[in-house]
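Several structures are given next for inspection.
Each of the next two complexes has chain A plus one more chain, namely chain B in the first and chain C in the second.
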Partner chain A sequence: MSATSSHRSFYGLILVAPFLVTLLVFFVYALIRALVYSFTDYNLFNEPEFVGLENFLGILKDKLFVTAFFNTVLFAVIVTSLQTLLALGLAVVIGGNFFGKQFFRVAFYVPSILSSAAVTLVFIWFYQNNGFLNGFLSDLVSHRRSLWILIAGFIFWWIALVAIYALRGRAVNWFDPALLLLSGFLSLLLCWGLSGSEFTTAEEAVVSVNWLGTQEYFGPLPRTMWAIVLQNIFTTVPTFMLLFLAGVQGIPKDLYEAATIDGASRWRQFLHITVPQLAPVTYVVVTFGVIGTLQMFDQVALMGEAAPLESRVTLAYYVYHSAFPPGGQPHVGIASASALILAAITLAVVYLQKLMGVREKANG
Partner chain B sequence: MKLTLLKALTLTLLMVCTVTAAAAQKLTLAGWGGTDKAIIHGLLSEVLREDLRALNVEVEYLPIESNFGQYLMNSLSSGTAPDIFYVDVNSVDVLAGSGKLQPQSAAELQATMLPVLVESFEVQKTSFALPKDFNAYAVVYNRDVFVDAGVDIPHAQDTWSTLKEKLRQVVVALGDEGVYGACLKAGYTGGFSPLLLSTGWEPIGADGRTRLDDRFEQAFRFYISLFHDNIAILASELGHSWSGGCFGTERTAIAIEGNWLAGYLRDKAPNLLYGAVPTPLNAATGSAGNLLLSVGWGLNRDSKNMRLAQSVLELLTSEKAQRWILASGLALPSRRSMAQAVESATGRDAEAQLANAIYAGVNRGYVRPYSFGAYGDAWTDPINEALSAVLVGGVEVDAALKVAQQRFDDMYQRFQERLQ
Partner chain C sequence: MSSITFQKVTKQYSKAGESKTVIDAVDLLIDDGEFTVFVGPSGCGKSTMLRMVAGLESITDGELLFDGERVNMLSPSERGIGMVFQSYALYPHMSVRDNIGFPLRMAGKLSKAEMKNAIDDVADMLEIEHLLEHKPGQLSGGQRQRVAIGRALVRKPRVFLLDEPLSNLDTALRVRMRLQLAEYHKKLGCTIIYVTHDQTEAMTLADKVVVLNGGHIEQVGSPRELYESPATRFVAEFIGSPKMNLLNAKVMSLSPSVAMLSVLGVPLSIETDTRGLVPGQTLSLGLRPEDLALGPAGGIAGQVMEREYMGPESLLYLSVREDSEPLLVRCPGSTEVGKDERVHVQINPERCYLFDDQGRAIPRSVMPSKRAVNSQAFAE
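On to the complex of A and B.
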């Protein structure tokens, strides 16, 4: 080995040393300790006593762990799917050319720079019994007659306008923005014209849904977890949107030009050019999404007493709750075992998504 | 020359020894952040300064703004814990079990304190902390509301039923003006625990199980009836997060709160004329119930200055230190003698009345600490959820109680498995 390459290796090592030390102390050492503790009965104060697989078998029988497991896996699947689709959709929309593009880019990105604590607090108020969501739903139900007229009017004008164009022999796209806007405007006029009549009389209604303080399920998840799903999507979509936006801007324009010449519609261009070309970004987004959602902790912890433990517990929170139960006995062995299970699940899911076709390379 | 050098060396050595001897020893003391930071700093620098100087000790306060329980567990287990620290009554079992908490044997000092407080820091008849201060619940009433409604004000001999009747009359008279009897929360703490405990119900039986028996059901149904009869309302429905908020804005006739309400009303509703009485009696048992919220001073068993720390601990619970705690207006001091000092210390009749009502409340009937052994705070979850399910979710009482009992059984099962 020449003196130059030795020097290079030495300086290289110096440069990576801070990262290596951090990795060794906070990852490798912590992982080994967790692995050791997972086979012991340890409460931070006693001498760790080897118990074999007892902790692993114990948590598999623990109803709270089972709840946390299903909450986490379903949360990860739902949030990762929704946030990826929404981020991709938003990126494609704001990647186009339209008036006020810069404003929308900033506006859509703002939620991701807000702190989790602040967002959680706002969402707790939002979901309160007398909060905004129930108030909004109460208003909708109270004005349901007007709402029906608005929807029916919109559909009526929409079909009518398409029919008028067709009768005049002019080709018209059903989803033409101008057509939709005009239908909306005319139905609003209709509503306004009928205001004050018995058709639009508001009937006082109070919607009082308990969004947080309940263990009731809606579909596969507790209602509280759905509230966290919405909150999490709100805060994570903008960051992923930015990643997709960078990807969208990197796709060669020639591909779209060629497709346009070949007569491909916008939708086909999206499906056959944009989506495949964004495969590397999608891989990153899905991987980050899966890891982030499987490790979901902060928004659950901040929800605190606003919601029952069973209806918000995730695996990451289960780990913390086992190690530091409020006022209770720490169970470090159980916390370590559940942390290892969470790590194994995370690893398995990331590999599974590769197997299921989320590719690292475009055209790969 | 040699002699001069020797003299100089001896002199230097003497000076070093003198300086070393004169240097005050340092002790660390950890507690909560927030308002406690100013209170404890004031206590150390103003009230106990001379005493600490006489002991030749410097005490540094470490205010912990994050999760105090977690901080304590980590620092005690890693050997970096302070010499003296707060011990919340709900964590005394776990901390005592850790072997890191020095047992307290200051019998003379403990004899000056309220017995119920001393007992709440005992684990298997051994005391593990000296009570610093405490809080419990009392019925605080708005005098003007009762006068305007033409209803007798609450008194110490009221039962829950007579109090309910008085509140019903207030609602009949002033309901049109948006006044309710009380705004309460769907949870164990607050109004429900004094009502529940007055039945003689034990939160955790000798076998470690929680049983939602007839006494529980009786209290539960009574509490729910306050809402169904339109006498009480959830605080959140009046736009508040606690019943003191509704009371301070004169939307309710009473609030069932602790001494912390005094400071809040002093700032937010200084013109509100209020009084206070102990929590009501249960007609069947003839006793009242109350929930004791308390913090004690604990000693680190691994402290290198145990004797000095014990002396500082005694200073922290001395009468003058307790007067300072009393003047802070948040919690009540643990010494019995302070009950008489309340009036002069606060200088306000209403505040003194509230403090006296709380002192009286913890000296009668079934008083239980906010402490649930190894279960921790999670023990309250099934009750909180059952109340919430009925009051917010419209679930039937029977169904809610069945779910809650199942959850208590699961909790018991889980801990039994972990203990095996």
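On to the complex of A and C.
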């Protein structure tokens, strides 16, 4: 090796050192320690003793772990699918050309700059028994007559506005947000005009759903988990939307024009051009989504006493709960073993996703 | 196959309250089966015209007719057109077969077997059968071009539109594809509109050339008409390579059919329609480099600034006056002229063009057909 090339590799090493050191300390070392502890009965205070597969077998028999496992996997599947679809849809809508698009781009992005803790607190309040959601639902049910008028009015104005534009020879997108807003506003005016008349008489009704403090299931997930699904999607969609937006704007306009000439409708252009062209972005979004949701911890932890453990526990929270059980003895061995299982599941899912042909390249 | 008529077709863009006219009340008739080329400098509106025919661009005012039927409000797919884009716009994630089959799949009128036959027929004609399972990314420029043509042809369009289709190919391939396109046109006999900024492509391919400039039509005609009797100074300069020389010519005296001019101090008498001319007026005299010849004494004197030798011919750049552009002369490659040599150029009064200060051609009494005979005699 010549003097200059050893010189170069020395500087190269210095430049990658910060990354290498953190990788070694926080990943490799931590992984090895976790692997070692997972076969011991270590509880932070004792001398670790080898116990074989006892921790793993114990975990598999633990009902809380099984609950956490199903909660996590279903949560991951539901949130990843919904947030990917929503992010894609929003990106396509705000990627188009319409009046006020700058405003909507900012408005849609705002949720992702809020801290997870703040959002969780807002949502706890939102879901409380006498919180905003129940109050809101009660109001909706009470004022259902006005509501029907509002919806009917909205649809009426919507069609009317599109028709007016069409008659003046101007093409208008049905889902133009400005158009939707205007229809909404006009229909609100209609409702306001009818207020006080017998069409809008309110009938008192009280909706009192227990969103958080319950172990009831709705479909495959505890109701509490659904609440977390909603708030998690609320916070993650904007970032993924931004990724999709960048992707959407990178698709050549020519392709859409060619497809228009080939007779493809808007929907088919979306299906045959937008979706396949976004495959690399989708791969990133789904991978980030899967990893993020399988590791779901902060929003569950912050729910705290607002919901029972069984209806909000996830694998990541199970790890934490085993390491630091409230009032109990730490089970570092069990925590390590369950952390390894979580890591294995995460790796397996991402690898499976790659195998299933979610491609990294659009044009390969 | 169909004829296309533009009636006072206008296109305006409005931005921030200001509207800009890019196509200004254009009238044009394209006959059934004609190979028409829109040519002009960039920004002249040729692509906009094509995109209006395609239906990708709305028409602000006027009527666009296919076979006498108004198509202004028809969507691109309802117009029965095929289009080849400059970038080819092939769907990168689909195989060549799926690319060509896409319009058929969207129309949804054919069975699987019929679709396969249609694709195979087109692939056979374009000689791309062996590429059908490839992705566009694996193809060369020329192959992609043919796939794009295939996709445009598979639905048997009435009108076939090409937007600068050869500009991304290298020179040799461009010449080959040019011949190929002419051959396809003969085979299919469909109406073709072809957009290019390259006058050579326009001249070699077209039945009819439409020269556009600044949103209006300068002239419509066969390549020969444009070359031999340009209607405006713009057309005269745009058509022909190397481009026409333009010199200032002062009208000295006039008789009913002859104008006496002074060009660079040299007297020149030209047979022309002298109505509207006044003595003392300055005109533009157009001289094609190939119409000039070196002679003994007399004529315009100049010094050879540069000589470009190209084998069969040479291009001479002559400095005729300090403040004017060099005069281009095309002479046989064997001509013995060196740099800095002083030479004399003969002007053939029958082979020059006159333009007034508006850039309009002044009608010559010499007709193109007669000129054609003359030029043959001149060549011999």
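Please note the rule applied: the second predicted complex is superposed on the first by the 305 of 364 C-alpha atoms of A that agree within 3 Å, B and C clash if a C-alpha of one lies under 4 Å from a C-alpha of the other, contacts with A are read in each partner's own complex, and residues count from 1 in each chain.
Here is the rule we use: a residue touches a chain if its C-beta (ideal position, glycine included) is under 8 Å from a C-beta of that chain, and two chains touch if they have at least 3 such contacts.
Worth saying up front: this structure is predicted, and the values here are computed from it rather than measured.
Enquirer: Mind checking the superposed model to see whether chain B and chain C fit together on chain A or clash?
Expert: After superposition on chain A, chain B vs chain C: fit, no clash.
Enquirer: Who touches more of chain A, chain B or chain C?
Expert: So, of the two partners, B touches more residues of chain A.
Enquirer: Would you check which partner chain A:T214 touches, where first means chain B only, second means chain C only, and both and neither mean what they say?
Expert: first
Enquirer: Who does A:N130 touch here: chain B (first), chain C (second), both, or neither?
Expert: In the superposition, A:N130 touches chain B alone.
Enquirer: Let me test your reading of the model: by the given contact rule, A:H331 touches which partner, first (chain B), second (chain C), both or neither?
Expert: Only chain B; A:H331 stays clear of chain C.
Enquirer: Going by the contact rule set out at the top, does A:G58 touch chain B (first), chain C (second), both, or neither?
Expert: first
Enquirer: Please work out whether A:S81 is in contact with chain B alone, chain C alone, both, or neither, and reply first, second, both or neither.
Expert: Neither partner.
Enquirer: One more residue to check, A:T22. First (chain B), second (chain C), both or neither?
Expert: After superposition on chain A, A:T22 lies in contact with neither partner.
Enquirer: With the two complexes superposed on chain A, say which partner A:L255 touches: chain B (first), chain C (second), both, or neither.
Expert: In the superposed model, A:L255 contacts chain C only, not chain B.
Enquirer: Tell me, in angstrom, the smallest C-alpha to C-alpha distance between chain B and chain C in the overlaid model?
Expert: Across the overlay, chain B reaches chain C at a minimum of 52 Å between C-alpha atoms.
Enquirer: So in the complex, the part of chain A that touches chain C is made up of which residues?
Expert: 171, 252, 254-255, 257-264, 268, 272-273, 276-277, 279, 362-364
Enquirer: Touching chain A in the complex: which residues of chain B?
Expert: Touching chain A: residues 67, 69-70, 73-74, 76-77, 88, 90-91, 94, 97-100, 186, 234, 236-237, 239, 371-372, 374-378, 381, 384-385, 388-389, 392-393, 403, 407, 410, 414, 417-418 of chain B.
Enquirer: Could you pull out which chain A residues touch chain B in their complex?
Expert: 43-45, 58, 61-64, 128-130, 208, 210, 213-216, 305, 308-310, 324-331, 334
Enquirer: For a test of understanding, state which residues of chain C touch chain A in their complex under the given definition.
Expert: Answer in residue numbers: 54-56, 58, 75-77, 81-83, 85, 87, 89-94, 102-103, 106-107, 135-137, 151.
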